[in-house]
Amino acid sequence: MTLVAEHLTVRLYPAKGVVHAVDDVSWRLHAGKTLAIVGESGSGKTVGTLAPLGLLPPGVSADVEGSLTLDGAPPVLGREVGVVFQDPPSALNPLRRVGSQVADATGLRRRAARERAIELLELVGLPDPVRAADAYPHELSGGMLQRAMIAGALAGEPRVLIADEPTTALDPSMQDQVLDVLAELQARLALALLLITHDIGVVKRMADDIAVMYAGRIVEYGPAARLVHAPEHPYTQGLLAAIPAADAAPGTRFVGLEGAPPELTQRIRGCAFAPRCPLAIGACRTDRPQLVDGVSCHVRTGVAA
Amino acid sequence: MKGVAIVVGLFALLALLGPELAPYAPDDDDLEHILEGPSAAHLLGTDEIGRDQLSRMLHAARTSLSTVALVLAGALSFGVLVGSIAALRGGIVDEVLMRITDVALAVPNLVIALAILGFMGAGTTNMVFALMLAAWPAYARLSRTLIVQIKRRPYIEAVQLMGARRTWILRRHLVPAVLGPVLVYATADAGFIVVSVATLSFLGLGVQPPTPEWGQMLVSNLQFMETRPELVVFPGLALTLLVIGFNFAGERVALDRVPRPLSKRALARRRKEALA
Amino acid sequence: MNGRLVVDDVHVRFGDVVAVDGVSLDLAPGEILGLVGDSGCGKTTLARVIVGLEQPQAGRVFLDGEDLTALRGARRREVRRRVQLVFQDPESSLSPRLTIGQTLEEPLLVAGMRSRRERVKRVTELLELVGLPATLAGRRPRALSGGQRQRIGIARALASKPDVLVCDEPVSSLDASVRAQVMNVLLDLRDELDVSVLLIAHDHDLVRQASDRVLAMAAGRLGSPAQALQRR
């Protein structure tokens, strides 16, 4: 079983103009593996994954080109691909019990649906699934709600789970719980996990493969071990260097990148990172680099040296 | 916002220029030519004392629109003032003001206006006053709700931390923020007030003869409905158009605030632009 | 205790919920004091008490020996100005209606700076202080990146010439690669203006790197950071 994205391009049409949100993105994800798509806000990591599945914010018009296929056919949402969204409190109806909302996702009726919902809540490691099922969203902690959301996403027994910033809205202690649950479920159900996140910490812990996105493009793509320990793209390097180190001396300056990501209202001719890149050369501003051996960089691949 | 601007602009133009365009004075009677049908001299005919119907209609535009504008301006300022005080003071002040508002909102505006006019007596000024008193609670409610939402926003708190007084925050931040939604509501409300003015004048409580007003013209010509129907139809038509205009404009603005996907044609056009 | 800012046994309750349960701390001139804790531990409430957006049920806050919680009226507005807050979310902390220049001018106007020329000069200075070009003054918050907006938030706080800057999660809503820009601005300001900073955040590593001293907060009380780390 393989989920394949090929040449995905997404253009969004807001009230004015156009946003080239995702520009020619390809990746593949196999059963039992975790692919982390890493990027900062506006990098296209979420839109690029959800738009091909038909999940767009209400009122937004978009063009989606390229393909997202599961073993050659477009995946069926819910039955083949489950999605866990970022902010559990706003994804759940505050006026309905958690159990009945999970039950909705099962497609079963009455008793059967409730029993299945409780089973699912147990599967995601909620200590007292019956109580959790009868609770209203505000009665559960953020971590428990997120696990209930995962339970809902698993209701259709999908083979792929897409988790969009599953821990961003949670406290650090809760984040660990949710990541543990995801890792365990993946192992037990041989799920393919697509993790969309900005948090390098989450990526380091979970990913088999990493795709780093910047300004709608993949700048670096490869096995997690290589990317984390020997990143080759200057943006990936900057991103990793920006994590405050546990052993940094108090009072030392912080390391990060200068400037801000570009506007995507026009297609960028050269490398999108060039304006912020400490290594940029002439070709970086005029020619778009191609992904060669997992790195999309003129300087690194020596193409334009 | 464009729709509102066009409708309001058209009617404002009519109110401004209407009397100038009128071929006769509105109370210029001519007993030789009473209840005549449309002719070259009198395009819409004449009424029972020979006054030119077209001229009266054009003059009435100014009466109708200026009363509506006055009512709205008064109700809006007073309502926003009450709403701001309730939202900023909170506590018992808020409680008392909002209960008064709730009671006033529970009674139909026209009933309130009728009660006040019964007490004060008929007349244009009294009618404007009565309708203001009937219409302000909706603005108080709306602006209070909006201000309560906005006043806790960090950017307002930041202004508090600068040492700004409450009146400063109200004037520079809260009122401007509230004005947009309040004006949208006023656009929809305008249609209702037009009808109220006409109704009260129709009942003889509002604009008094001989001053022309569409509602009042409608009623005084009603007796000639069978012989000269255009004397009734045209004032009625003018009223209908005005109300529909305001309602469409209000609807339009309300819809514009909800995001919705582009139509197929618009999308195709935008796609072409994007790829050019 | 003595220091520029002294928080003395502050208690805050919301109904039955105890948010801050007897917190005392002090902050020396030019010091960066870190305060770490998970969300819901009361750290944001404590920040709001210190800047005066929340009134404590018990306890006091002193600035240079003057009890801030006892002040009223004009004197309160005057003194409160010297303790400023940098908000967590740079988007909602800037008015969408005002340009950056207008936003930065407002504290100057409130403080009674009459001359337009002086105000414009000061706005340019403030932008420079947080490492932004003067050309941004004509833009609206929408046209700025998250990091730029947060630096505007800091500049606005500085416009009131504060002695104490309370920063509540100043970088947690920013992207990792631009966090450093904002954190370095805070470090520079301490050096240049001798302003005291209370840095509140959940990220232990970040707080430790920036601070002279670190305290931890849990369930409304202060403890040592070691205990807090243990708990994780």
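Note that the chains are named A, B and C in the order they appear, and that numbering of residues resets to 1 at the start of each chain.
To be clear about the criterion, a contact is a pair of C-beta atoms (placed from the backbone, for glycine too) under 8 Å apart; a residue touches a chain by one contact, two chains touch by 3 or more.
Protein names from UniProt, one per chain: A = ABC transporter ATP-binding protein; B = ABC transporter permease subunit; C = Dipeptide/oligopeptide/nickel ABC transporter ATP-binding protein.
Keep in mind that this is a model prediction, so the values were computed, not measured.
Q: Work out which chains are contact partners of both chain B and chain C.
A: Output, common partners of chain B and chain C: A.
Q: Determine which of the two chain pairs, A-C or A-B, is joined by the larger number of C-beta pairs in contact.
A: The greater number of contacts lies at A-C.
Q: Give, as an integer number of Å, the spacing between the C-alpha centres of chain C and chain B.
A: The separation of the two C-alpha centroids amounts to 47 Å.
Q: Taking each chain's centre as its mean C-alpha position, how far apart are chain A and chain C in Å?
A: 32
Q: Cα centroid separation between chain A and chain B, in whole Å?
A: Once rounded, the distance between the two centres reads 51 Å.
Q: For the complex, which residues does chain C have touching chain B?
A: 51-53, 77-78, 80-81, 83-85, 87, 89, 92-95, 97, 106-107, 110-111, 153, 156-157, 159-160
Q: Help me check something: in the complex, which residues belonging to chain A touch chain B?
A: 11, 13, 18, 20, 58-61, 63
Q: Considering only the defined contacts, which chain B positions touch chain A in the complex?
A: Counting only chain B, the residues touching chain A are 258-262, 267, 270-271, 273-274.
Q: Along chain B, where are the residues that touch chain C in the complex?
A: Contacts found on chain B: 153-155, 157-165, 168, 172-173, 176-177.
Q: Across the complex, what residues on chain C touch chain A?
A: My answer: residues 38-40, 145-148, 175-181, 183-184, 187, 202-203, 205-206, 208-212, 231-232.
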